[in-house]
Structure formats: C-alpha cells, structure tokens
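The two complexes that follow have chain A in common; it is paired with chain B in the first and with chain C in the second.
Presenting the complex of A and B:
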C-alpha cells in the first residue's frame, strides 16, 4: 500500500488527476488478454497494481523511476496494455499507462523515418504515412497495437515482414528512461543527429535493450523511438461501403493486388514462398490455415459449422498462402504479378479466383472432395486449370468482398481480431519461432499433434489441428508460423487443457529443436530455454542486476520475478 | 453481497481481451488519428477504467466481491454516456453484451442507493412534472399552441407527432417542432398530438439506471400511445426515437405501433413530392448522427432458439441470433434530405453512422460531468470544421442543445448548429 505521503509525492510529479489508487481502477488494470494463464486459481485476475499512473513526459517518468529506486515499489510501463506482458507482476507494482504520450513526433519522408511516442497505434501512423507514400511494419495482432512497443519492447512479427522484416530490425534511435531514472537517447539522435541509427557513436547497446524478444517493460521505459519506413505507392486513402462487421472497398487500389495461392503439399507451398521472396514480389504474405479461411467466408458460427462440416476446406485449403503484391509503379506491379503467376505455375499451385464463393457451392462439390485424399493434387494436374479458374466470375461485389477481406488482413491489419475470437471466444499460442520458412510448417505439424488429444476430448476447438499462422520474413530468408489454438475462456476444463498443451509443446520444442518460441520470455521461460540457447538467461539477469540494482522496474516478463515481489508472486506460470 | 444480474453476465465479461477497439473507430474505416477515438469518457479521463472493458472488469470485481459498491466505483460508472458505441465495436469482433453489462452495473449501483443526488432529484422531477428538469412554466402541449393540430385521443389521426420533453421546453427546439408540424400539415398528413397528456419518453430514467422508473414510465406511455389508435408515432427528437423503438422492447414493452423519426417521414414526403425543396440554400453542412437515432435505435430482436456446441468448443445458435452492429439505425434519410437540397454542399465527418461520435450530452445529467461532456461536443465541432462545414446539422434536441453550449464555450471558433427540420423548412419555403 502506498502511504499518503508517497501518493502525494507521485501526484506532485504528474498532477493529481493522473494518479489513481482506488480499488475499482486498480481492478480495471488487473485483467489482460489470457491473463488466466498467470492465475494460480484459474481466475482472470493478475496481481492488483499498487496504483496506476499516466505520465506525459520522459521527465515525469524519470522522477517516477527515481521514486521507485528509493522505495519498495516498482514500475511497469506499457503503451496500449493489450498483451498480458503489460500486467503487473506484483502488488508492489505501479503501472505506467502511457496513453497520454500519443504524438507522431516526426515523419522524415526523404529518409523514410518516423519518430513516435508510445501510444501511437500502428493504424495512426500508417494512415499518416500513406499520405506521404510510406508504410510501416505492423504486427499481426492488428492496427490497434503500439508501434513503439512492437519496435522497441516486445516481439514484432507481422504480416508485412516479408518485405519489411521483423520490427526489431526497423528500430532506429531510441529515447530511454533508464532504470536509474536517467534519460538517455541512444544512437544517432543521442549525438544531436537525426534518428537514423540505434547504434553509435560508441559501443552499440541495441542488443542489450532490444535483443531478440524485447525487454517487456522490465528494463526502463522507452519514450520515443525512430522507426524505419517502407514505400507505399498506392492511394493515400480508400473508401468503403457496407457496414459493420463487413466493410467493403469501393474499388481496387492501384499498384496493389491480393492473391490466394493454394498448394497441394507442404513442399510446394514452401518452395513457392522462397521463390516469391527471391523475386521480391511478396509485399506481405500470410499462411492462412484452413479453419480461418472457412471462418472468413462466413458471417456467423452456424454458417461456419455448416461450411467446415463439408470437409472441403480441410482438403482444399491445407496449404494456402495469401499474398499481397505491391509495385512502386504500374509496370513494376505488372511484372511482379507475372512473376507470381509463373512461380505458382512452376510450383504446381493454383491461384483462387478473387470471388467470394457462395456457401451453397461447397455443398455441391462436397462429394467430389470426399472421394479423394488430396483433391487439389488432381485438380492442379488438369490442363489449363489456372486459365479455366481465371475465367470464373460471379459479380464485381463478390470480387470486392473477398479482395477486401484479404486487403484488411495483408495490408491494413484491420480485421485480425475478428478471426481469432468469434469461434470460441479465446485464442492461445504456443510454439512458433523465427527460423526457416520450412521450420514453420514443422512447428505447425508438431503443435497439431499436441493439440489432437484435447481436440478429440472436445476440450479445445476442433480447428483441424493445424492452425499454424504466419509468413515469410526478409523475402524468404526467415519464416515464422505460430502454433495457434482456440479455446473457451469460460470453460475451466478448456483453460486447463490449453495450459497443458502449451506446457507440453514448450518442452517438445526443446526436444525437437524447433527454435525459440514466442512464449520464451520472463523468468521461468528463460530458465527453460536459456540452457539450450547460449545461456542467454544468465546474460539477461546480469544486465538487469547491473542496470537496475534497486529493482525500480518490475521484471517478471524479463529477467524473472523482481527482488521486491512478495514470495507468492515468485512462482512459475505458463503463458499462452 | 451478491448481485445475480451481474453474476449472470460474468462469462460475457470474461470474453473481453482488452484490445481497446471499443475506444476507437472500427479499424477498416480508420482515417485520421485526431478523429479516431470514440468513447467520450475514455478520451477525457484516459484511464482504462473509463471504457467498456474497464467497466466490465470492475463489474466482475464487484460480482466476485473483490470490491465494494461505493462512491469511487459510482463516480466512474455514472460518467459513462451510454452512447452504446462500445457494444457495436465489440460486436464487430464477437457476439458481446457490452451495453447490457454497462447498464446492469449502473442499475445495480442505483439499487444500492449510490446514484448521485442530482440523479435522484431528476427522478423526482420526472415523477412530479413529467419532465426531467422539473419545469412548470408551461404545460406539455403549449409548444403547439395555435397550430390547430388534432388532439389525441379525443380526435382521431393516422400519425401521432411526439415532441419529447426537451423539445417541448427548449425555446429553440420547440420552434423546430412547430416547423415539423407545419411541414406535415402542409404535406396533408393526418397528424395529431397528445397535448398536455404527452409525457417524457423515459430515456433520462434509463440513462441514469433507474430501471423500475423507466419501465413504469414506458408502460404508461405505451398505454396512452395505444389509446390514441394511431398507425404511426413520429418523434421529433432522435433520442425519443431510440427509446421508443429499441429500449421499450428491450425492457419488454411493445406498443405494436410503427415508430418513425421525423426525418424518415420527411424523406418519404419529399420523395412523393408532398414537400418540395424549391429554395436553394448555399450552405456547407455536415451531419451528426445522434447515438439514439443511429446505432442505439436498432431494435434488439427477441431471439427464440437454441444454443448448441460443435467442434468441441464452438457455440452457435439455431436460428442464428441477430447481432446488433448498430447499422440498423436511422442514417440514410437525413443524408438523403440534405443531399436533395439545391446549392447545399454536404460533407461527411470521419466518425459517422454506426461509429458516430457521441455529443457527450446523453447518459443523464451531463452537466455533472461538464468538462468531459463538453469536450466530447467540442471535439465533434472541430471535426465538423475540419471537413469544411459551416453548419453542424443534427436531428436530436439533446445533441443540438449540447453542441450549442459547446460552441458558445469555444469562443473564437463557434459553429452554427441546426436541426435538420429547420433546414427542410427553409428549403421548402413555407411559412
């Protein structure tokens, strides 16, 4: 509990109205996405923060940090607070909700750099950038996440990674309130230059403050970040018609096309992925699992039930890659589309016509699909099948509908949440590591196997098992497919089964050398993975001890439970 | 202390995954950061507690006994403007019950005696005078003096023109109501009013969480509507429309009478050339969709069916339960009317239709949260200015009054606020 004097001190720093220590507000900050994964009693609640503060400037954060250096409290900063790693790890944690810091400080068009504060959401920045012919990498959770968080503090894998890389690579200069309270500007801006680099002059600390996964609020607060931008040579804005939940583009955007590529086998989809990258014709791509495709075709779960029950998607859509092609000129766009078509042909795939297919059609083709194990393999053997497919047309509106769905996923990051939560209310993630594009599919197969017994018992959603979602990065040099599953937030048995799946898959990842998964962050996970990965956990603990000797920042998601945490807050967890 | 109504909503609360999409325009229609936030309480107070998600978590905390029903909670809960955006936004992702959670939480606090004193006074006014402000300087039917409208139920008419209590007593709004009546008479519509028997629609009681008073008022009104034997009720004010059309049925009160907003009838009359908009108006206007004429007027269909589970954990309903996306509100008629006026230049704002930004004036006793509620209106005026409008047109007396107040407060950059009826009246060029 903060004393009256301590509260006054905090209020003097940020102003009375920006400090809240009433119980209702603190409880409003004690639930996060899937936070039941942290609760020993299987409730949604995390530790209740000691207070919630909304600072406005780095100077205020610096003073708050100095306060925690002196006192038995810790800070935990977050930008939007969407993901569970924003949660307080202790009742001694004071949350810093950075929503008031929402400025796009600068867009340097010539050098393709944006400088942003924490509460600039990806869609805020992207909307401004399009007006300047620029774009930014956004992670797959959707345009409502914080660009600063994905750049400087946490993960950073998104659908435009094919051409823009993962977001840690796009981090340029950083303004950082260190755990000591000192404000340090790292990289080129620290020397009075522009925001073009995180490193130098002098030794680079990029690895130390960003690393692979991020520091998740456990090592100070980032208050500004420079972000590398990419070109956008299409319209600065678009118009839609229709209404919630299906807004439809009025027309196609210039120099931009979305394609749904279907392949009969894993080998073919992976080959195509590499070739597309080699030709640099994938602005963004997303391996869309069959269940999500079926979901995208329907408006409600009854329709989804009927569609999925046809069994068509399970056979036809096992290996689907949705791709956005973007050209910097009309000519370049045309060349890229031509290259894409050639690659699909060479890889034995098929480009689905860009038409929302009437649901009844699936019932008609159902018997054919039942007859064959891999009907797509046969279909792709039919002479001129692509040409025949290309001739299939229903209406312009049906075309725009499907095109819009793909555009919102691949380019605008606008409907991602719709996919994850409609079917069963909860979504979890397990294995999934940055590695080769092939490895992504191995991971997906593996997790599908781990999920199987729970699916058979009806404890998690029967999505066919393989809900591996992700894409290529750095034009095929890397790949990332996340092992997703869907569970019910309201069924304790479903939650329990989910926990068990994630636990098993994390250990299985090590046994099978499947890479460092998305869940590999925070004390217990670092302890688990560190010994198999150059003992990185020891390095993290050394960095933390050196830079934050007074535990001014809550580090449960970074180096492990903080010194200051209560004993009951130092136990392990399984994050999903 | 146990709260069964909240308990029954616990599983719905648990589906919230804190994405904060209920604070901003739907991502597919996002245009500009400056005009992207929608929840008026969140935009002002900023803390997550001031949002549908935060309200839900606090409701869960109360239901589980982690926190008490106290003033700290009430201060937050009653600040919500009940604009209903969060419900629509969350339904964009999944079938949710954000509106119901918000309302149940405030109704629970009212039952616990935690409603602010001002709310209690307002309820007393409603009981004593039939209007929330407790005004007694005029009778309910005075606004229509000299118009020679039929008096229902003594006389018979096809249409009941329902002015609503804010319209009746506000000196500007009642002029708009008079113009509406004149337009209808001019078009030869068989229209009457309840006169001094007209009561408040009950929305203030609903807003403030006085569920029993609201249903009692609604029942009384329903019986006088039925007694008037009309085919259609036409409301002047957008807020009354949403109450009669969506909230009455939600609380189990059905009149069986068609309810229309004035703009819907005007659009039909213009289309049939019963009203001719002959006079050109060289105005640059934009239109504000009032929450209760827009998304909140979409009726929640009573669903009878079965909830089933398939694929282990996927719930579905047979027949499919209709999800309220707010798209079934009255959005097109006002736009069609404005666009049919010669010389008038119409511009859309960024937050429109089902994702319209609240004026801040709803939710009950907005003046108690003056800074926040005026900020919401000022933000909207800025948006109107941004799209180049000189006139902010709306079709709800509450919104209009709120914008006028905010505009005055803005000092150097006021905007002219008009009821759409005033514009139609001018363009129709009648006296």
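Presenting the complex of A and C:
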C-alpha cells in the first residue's frame, strides 16, 4: 500500500485529481475480459493495482518511472486495452491509464504518416483520415483499439493486413519513456527529422522494443508513434439508417465492394488467397468460418440457432473468404473486381450474391444439402453457375443489409461486437501463428479437433469446431488464422473446458510445429516456447534485466513475473 | 499487524482484492468429507455449537481426524457441555476407522451410534440433525439454518509450502431444538446454533501464534469473523475473514477490515492476556465493538496434554496454549447506501493463543 508521503509525491507529479487510490477505482481496474484465465482458481478478479494514475505528458511518466525505480512499486501502462494482458500483475503495480494522452499530433497527408498519442483509437483516426483520402491498419480486436498499442506495444494482426501488413511494420518512429525514466525518441524523429523511420542512422533497435509480439507495457511507456498510412479513395463519410445493433448503409460507397467467396476445399481457398494477393485485389480479407457467416445472416441468437441447425452452412460455407476490393480510381476498382471474378472462377469457387437470403429458404434446400458430403463441389460444376447466381436478386434493402455487415467488419473493424460475443457471451482464442496462408488452415484444422470433445459434451458452443479466423497479409506473402471458440462465461465447467483446450493447444502447437501462437508472450509462455525458438526467452530476460534493473515496470506479460511481485503473484497461467 | 510484503500466504478471496464481490451460497458437497481418513498429517472436523435458553452451551465435534496435540489425527466425536453454573464437562471419544464413515457428497457422518446428517430441499435452507450418546453426555438436536452457507473466497488459504487450511460455514446461524443429556437428565432445549467445517494439512501451532473467532447475532444481522495471526515463518501475516448477513443473505465477505484489540488484561487461568475490547471496522460499511463483560472460560491448554506432551510443548516448542471463551456486549453498525442501522446485544466469542497477542 502506498504511504501518505508516497501518494503525495505521485500527486505532486501529475496533479491530485489524476491519482486514484480509492477502492472503487482500483477495483474497476481489477477485472478484464477473460481474466479468470490467469489463475488456477478460476477467479474473475486480477490483482488490485496499488493506484491508478492518468498522466498527461511523457515528462510526467518519466517522473513516475523514476519514482518506481526508487520505490517498491512498478508501473504498467495501457491505453484502450481492456484485455487481461493490460491487467496489473501485482498488488504493487501502479496502472498508467493513458486516456488523457489522446491527441492526433500530426497527419502528414503528402507522405502518408500520422503521429499519435496512446489513446487515439483506430476508429477515430480512421474517421479523420478518410477526410484526407487516407486510411490506417486496424487490428482485429476492433476499431476501438489504440493505434499506438498495436503499432508499438502488442500484436498487430488485422483484417486490412492483406494490403497494409502487420502493424509492427507500420511503425515510423516512437517516443519511449525508458524503464530508467529517460525519454528517448527512436528513429528519424530522434535525429530531429520527420517521422518516417523507426531506425535512424546506425544500428536499429526496433527489435528490442517491438519484436514480434511486443513488450505489453513491460519495458517502459510509449508516448508517441508515427504510423504509416494507406490510401482511401472512397467517400470521406457515409450515412446509415436503422438502429443498434444493426445499422444499414444508405448506399454503397464508390470504389469499394465486398465479396463473399465460397470454395469447395481448403486447397482452393488457399490458392485463391495467394492469387488475389498477387493481383493486389484484396484491400482487406477475412477467412470467415461457417458459424460466423451464419451469425452474419441473422439478427438474433434464436434465428442463428434455427439457421445453424439446418446444417446448410456447415457444408456450404466451410471455406469462405470475404474480400473487400478497393480501387484508387473507378477504373482500378473495375479492373480489380474483374480480376477477382476471374481468380474465383479459375480456383473453382463461387461468389455468393450480396443478398440477405430469407431464412426460410435454408429450410427448403436443407434436404438437398443432407444428401451430399460436399454439395458446393457439385454446385460449382454446374455450367454458368456464377452467372446464374449473379442473377439472384432480392430487395435493395436486403442487399444493403448484408453489405453493411461485411462493411463494418472489413472496413470499420466492428467485428467482435457483431461476432465474438453474441452467441455465447464469451470468446477464447488459440493457435494463431504468423506464417504462411496454408499453415493458417492447418492450425484451424488442428484446433477444431481439440475442441470437438468439449463440443460433444456441450461444454462449449457447437460452432462446428472450425472457427479459424484470419486472413492474408502483405498480399499473400503471409497468412494468419487463429482458433477461436465460444464458451459460457457464467459456467465454471465451460471455463474449465476452455482452459483445457487452450492448454492442450499450446503443447500441440509445439508437437506439430505450428509456430508461435497468439498467446506466446509473458513468462510462462516464453519458457514454454523459447526452447523451441532459439531460446528467445533468454534474450528477453537479458533485455529486461539490462534496461530495467530496478523493476520499474511490471513485466508479467513481457519477460515474466516481476522481481517485486509477491510470491503468490508469480504463478503460471493460461492466457486465452 | 500490517501484512508485510513478501508473505507466502495466499488466501482464497475471489476478488477484487481480499474480498468476494460475488457471494455464492455453499453447496451440500462442500460440507462433505475432503481428506482421506487415516492419511498422515491431514485433519478434518465438523463443528457445531448451540446456546440454549436454559443457559447451557453445547459444543460437538465430529472428527474425521482430530487436530489436537496428542490425538494423532484420530477419528471420533468430541462433546463439551457448559452448564449454567459454569461447570464444564469435556470428552473426546475416539472411534476406529471401521466405525467411522463420512460421505464426500454431503455432511453424512457416523461414528459408532453417533451421527450427523443433513437434508435440504430445493430453494430452502438446510436442516441438520446431530445425535451423540456418550458417557452420560449426549444430544439429539435439529439445526434449522437461518443464513445461507458461506465460505471466504474459495475457502482455502495456502501457507506457502507448509500447508493449507480450509474453512466453510454451512450456517452461521440456526435455530436449534431437541434434547441434551447430562448424566441421567434429558433436558429439552431450544436456542441458537452455529456450524462450520475445517480441513487442513498442518498443525496449527507450527505457523499460527493465535486466533480470535466469534459471531454476532443481532435482530437483522449475523456476523462471523476470524482473525488468525501467523508467526514469523509466514512473515507475521494476519489472515482475516468476515461475513455479514442481512436476514438469510450474506451481503459482505471480506478480509479487508481493521481488527483493533484494546485494553489487554492478564488472566492467570489461561496464563495469557486477552483484549477486553475488540473493534472490527470495514470502512464505510460496518463497525462492530465487543466489550467483554465476563470471562466464561480461561484455560491453560497444557493441562489437557499428557505429561510428556506438556513437557515438549512447554520446554521444547515454547508453546503456551491458552483458551478463552468470553461473553461480551456488542454494538454493530451497518451502512448500506444511505442507510445506517445500529443494533446491540450480547455474544460469545473465543481466543486461542499459542503466543501472546499483545
């Protein structure tokens, strides 16, 4: 517990109103999405932070860091991250909630660079950028995530990765309050130049602070970042009608189309993914598993249950890639659509009409689908099937409704609110190595098998097993699919089963050489995966020890439990 | 005593902090057997007490493995009868393993002809029946729970690698009715009672200096608390647990409270000083004051030991076990939202000391 003198010192740094040590505030910062995954006892609550501080400037953070160098406390910064990795790892942790640092500092339209503070959300930056004909990569946790966090501090996978890449590679300079308290600007801005590179003259240290997964607040605080922008050649804004949670676009946006591509086999969808990337057709893409497709077709869980129980989606939509095509001119858009259609045809796929199909239709076709193991394989053999399909028309409103669902996922990143939590209240994820597009599907197949026994016992939601979600990156040079599952947050048996699935998948990932999963960060995971990956965990611990000898930053999600943590806070966990 | 940094004690609170935001009623299975009977170093017992309108106080233990020094983890029953005139009779009757059975599904224990059983209908509070017939002492009582069963967090506190201690309270308050047998007299009784259940895998004196435990029964509230002071092996950590119920519902389950011991007075019977005033305070939620008006029992527990054990405890282990049963006046003030309610009454509470509490 902070003493009166210590509290006064902290208040002198940031101002009295920005230091919170009252119980209700600290309790509010002790609960996170899936936080029960962090302990063997299935407890919902994490360690209660010693205090919550909302600094405004890097200089304030520098002083707070120096305070923790002298005292038996640690800092853990976070911005929008209401996920367990943002949780305090110890009762000695002072959380830095960076929500007061919310400025878009600069948008360099000509050079396509934005400089932002930690609490600038993707959706806010994107909305601003569209006015300038620009766009930004957003990661798949949704449009409300911090651009600085995904660029400089953690993960970086997202649906626009097809054309905009992994977010770590979009970093163009970063301002860093080091664990010592020194403020360092890395890259070109550190030399007084503009924000155009994280690596300045001489040896680059980008890998030190960012690497693959990031430092998750365990190695200082990033206070500004330059981020590479991409072109947006459509309308700067749009209008909708309807109401929450289903808004509908009033009209299509120019130079922008969304396509639902269906393939009879894994080989066909992967081949198509590579070809689309080669032709640079995919502004963003998402391998939409069958269950999520069914979810997108329905407005509520009752409809979803009825639709899913027809069994049609399990057979028809096993290999679906939703693709957003964006042209920087009308002509380019038309060419890309043409190329996409050709690629789908060559790959033996089918473009689903962008029509909200009446649910009753699925009952009608159900008997046909029951007769065949892979009905899509037969359907795609029908001559002129694509042309016939293209002629299917329902109302304009029905068309716009489905288009809007896809638009919000593929362009505005409102994916989790629509898909992740609606069906069962809880979502977990697993596998998710950043590797080839083919290996993404290997991971999806593997985790589907791991999930199956729990599905059969009714412990987790029956999503068909394969809820592998992800897409291509860098126009097909890389791919990413993570193994999602849906469970009941209210049912201890469901939580237990989920934890067992994730644990099994961690070991299975190693046994099957499926790469470093999304959960491969923090002490226990580094210890597990490091020996199979050049002992990277040892390097992380050396970096931490060298740069933060006084444990001024809580490192449970980076190098492992902090030196300063209590003994009971140094136990292992299974993050999902 | 302030809990120090670096303590090895891990309490079972489900959070946030050392409290339970969600308080779930206990299930029947949690009052079933947990240990393997006969396993070395494991102890478990079911505790019942009752204070009757006749002035009698009765305490009954069903031991799957008796934790007290010299008892060697034996199964059996223990009964203590405190009569209105202050005279006490205490007996432990061991039973061999074949004569002692306990279910893991619920409280269903048999020790020879003695038994403990429970019934509970859906949505109702449980009804316990205990029957003891031993050496001119006995009882046949029915406890009707008036408060939901409770446990602090997961119910289990881990003391580093030295062991764990588990505590569940199937009811902190019940109406009791039946008969007690005192010699040749069978006395109809009615009163208020309590039941808890413990299991652990270490001996108390190895890591605990003393504990203070008690309840408050007022018109609208039931409070149960414990303050367990660990020794230096556990960095002098203090385990604190408190439950407050309003009517049937537990509304507070916490270890975050001030426990203030004042006005110590030496008692030659127990050879220890005890606090004549206790204040328990959960800021903005609860304050209770207990002022001792009578020492009902004060005992040097070494007197219960065999001569050999007494010598070892006193001269080698440097233990001075003392026991107090105290009668106190209390006041309790409960604040919920804008409403504060204050109630008063009298209560009994206990202190067990291996070392001084001053």
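Here is the rule we use: the second predicted complex is superposed on the first by the 574 of 576 C-alpha atoms of A that agree within 3 Å, B and C clash if a C-alpha of one lies under 4 Å from a C-alpha of the other, contacts with A are read in each partner's own complex, and residues count from 1 in each chain.
By our rule, contacts are C-beta pairs under 8 Å (C-beta built on N, C-alpha and C of every residue); 3 or more make two chains touch, one makes a residue touch a chain.
Everything numeric here is computed off the predicted structure, so don't read it as measured data.
Student: Overlaying the two complexes on chain A, which is it for chain B and chain C: clash or fit?
Tutor: Partners clash after overlay.
Student: Counting only touches as set out at the top, which of chain B and chain C does A:72 meet: first, second, both, neither?
Tutor: A:72 contacts chain C only, not chain B.
Student: In the superposed arrangement, which partner chain does A:367 touch: chain B (first), chain C (second), both, or neither?
Tutor: In the superposed model, A:367 contacts neither chain B nor chain C.
Student: Return first, second, both or neither, reflecting whether A:46 touches chain B, chain C, both chains, or no partner chain.
Tutor: A:46 sits against chain C, while chain B stays out of touch.
Student: With both complexes superposed on chain A, which partner does A:192 reach: first (chain B), second (chain C), both or neither?
Tutor: neither
Student: Mind working out whether A:568 is in touch with chain B, chain C, both or neither, as first, second, both or neither?
Tutor: The answer is second: A:568 touches chain C but not chain B.
Student: Name the contact category of A:412: first (chain B only), second (chain C only), both, or neither.
Tutor: After superposition on chain A, A:412 lies in contact with chain B alone.
Student: Looking only at contacts as defined up top, I'd like to know whether chain B or chain C touches more of chain A.
Tutor: B
Student: Please indicate which partner A:31 is in contact with in the superposed arrangement: first for chain B, second for chain C, both, or neither.
Tutor: both
Student: Tell me the contact category for A:23 with respect to chain B and chain C: first, second, both or neither.
Tutor: A:23: touches chain B and chain C.
Student: Pick from 60-68, 312-320 or 384-392: which stretch of chain B gets in the way of chain C?
Tutor: The segment of chain B occupying space taken by chain C is 60-68.
Student: Can you list the residues of chain A that touch chain B in one structure and chain C in the other?
Tutor: The overlap between the chain B and chain C interfaces on chain A comprises residues 23, 27, 30-31, 43-45.
Student: Applying the document's contact rule, which stretches of chain A touch chain C when the two form their complex?
Tutor: Of all residues in chain A, those touching chain C are 23, 26-27, 30-31, 41, 43-46, 48, 72, 92, 566-568.
Student: Contact residues on chain B for chain A in the complex?
Tutor: Chain B residues touching chain A: 11, 14-21, 24, 26-33, 36, 46-49, 53-55, 57-58, 60-61, 64, 66-68, 72-73, 76, 88, 91-95, 310-320, 323, 325-327, 353-355.
Student: Could you pull out which chain A residues touch chain B in their complex?
Tutor: 20, 22-25, 27-34, 43-45, 52, 54, 80-82, 97, 99-100, 102, 104, 120-121, 123-124, 127-128, 142-144, 237, 240, 243-245, 247, 300-305, 308, 404, 408, 412-415, 417-418, 421-426, 455, 457-463, 486-491, 494
Student: Spell out the part of chain C that touches chain A in their complex, as residue ranges.
Tutor: 5-10, 12, 14-17, 21-22, 154, 158, 160
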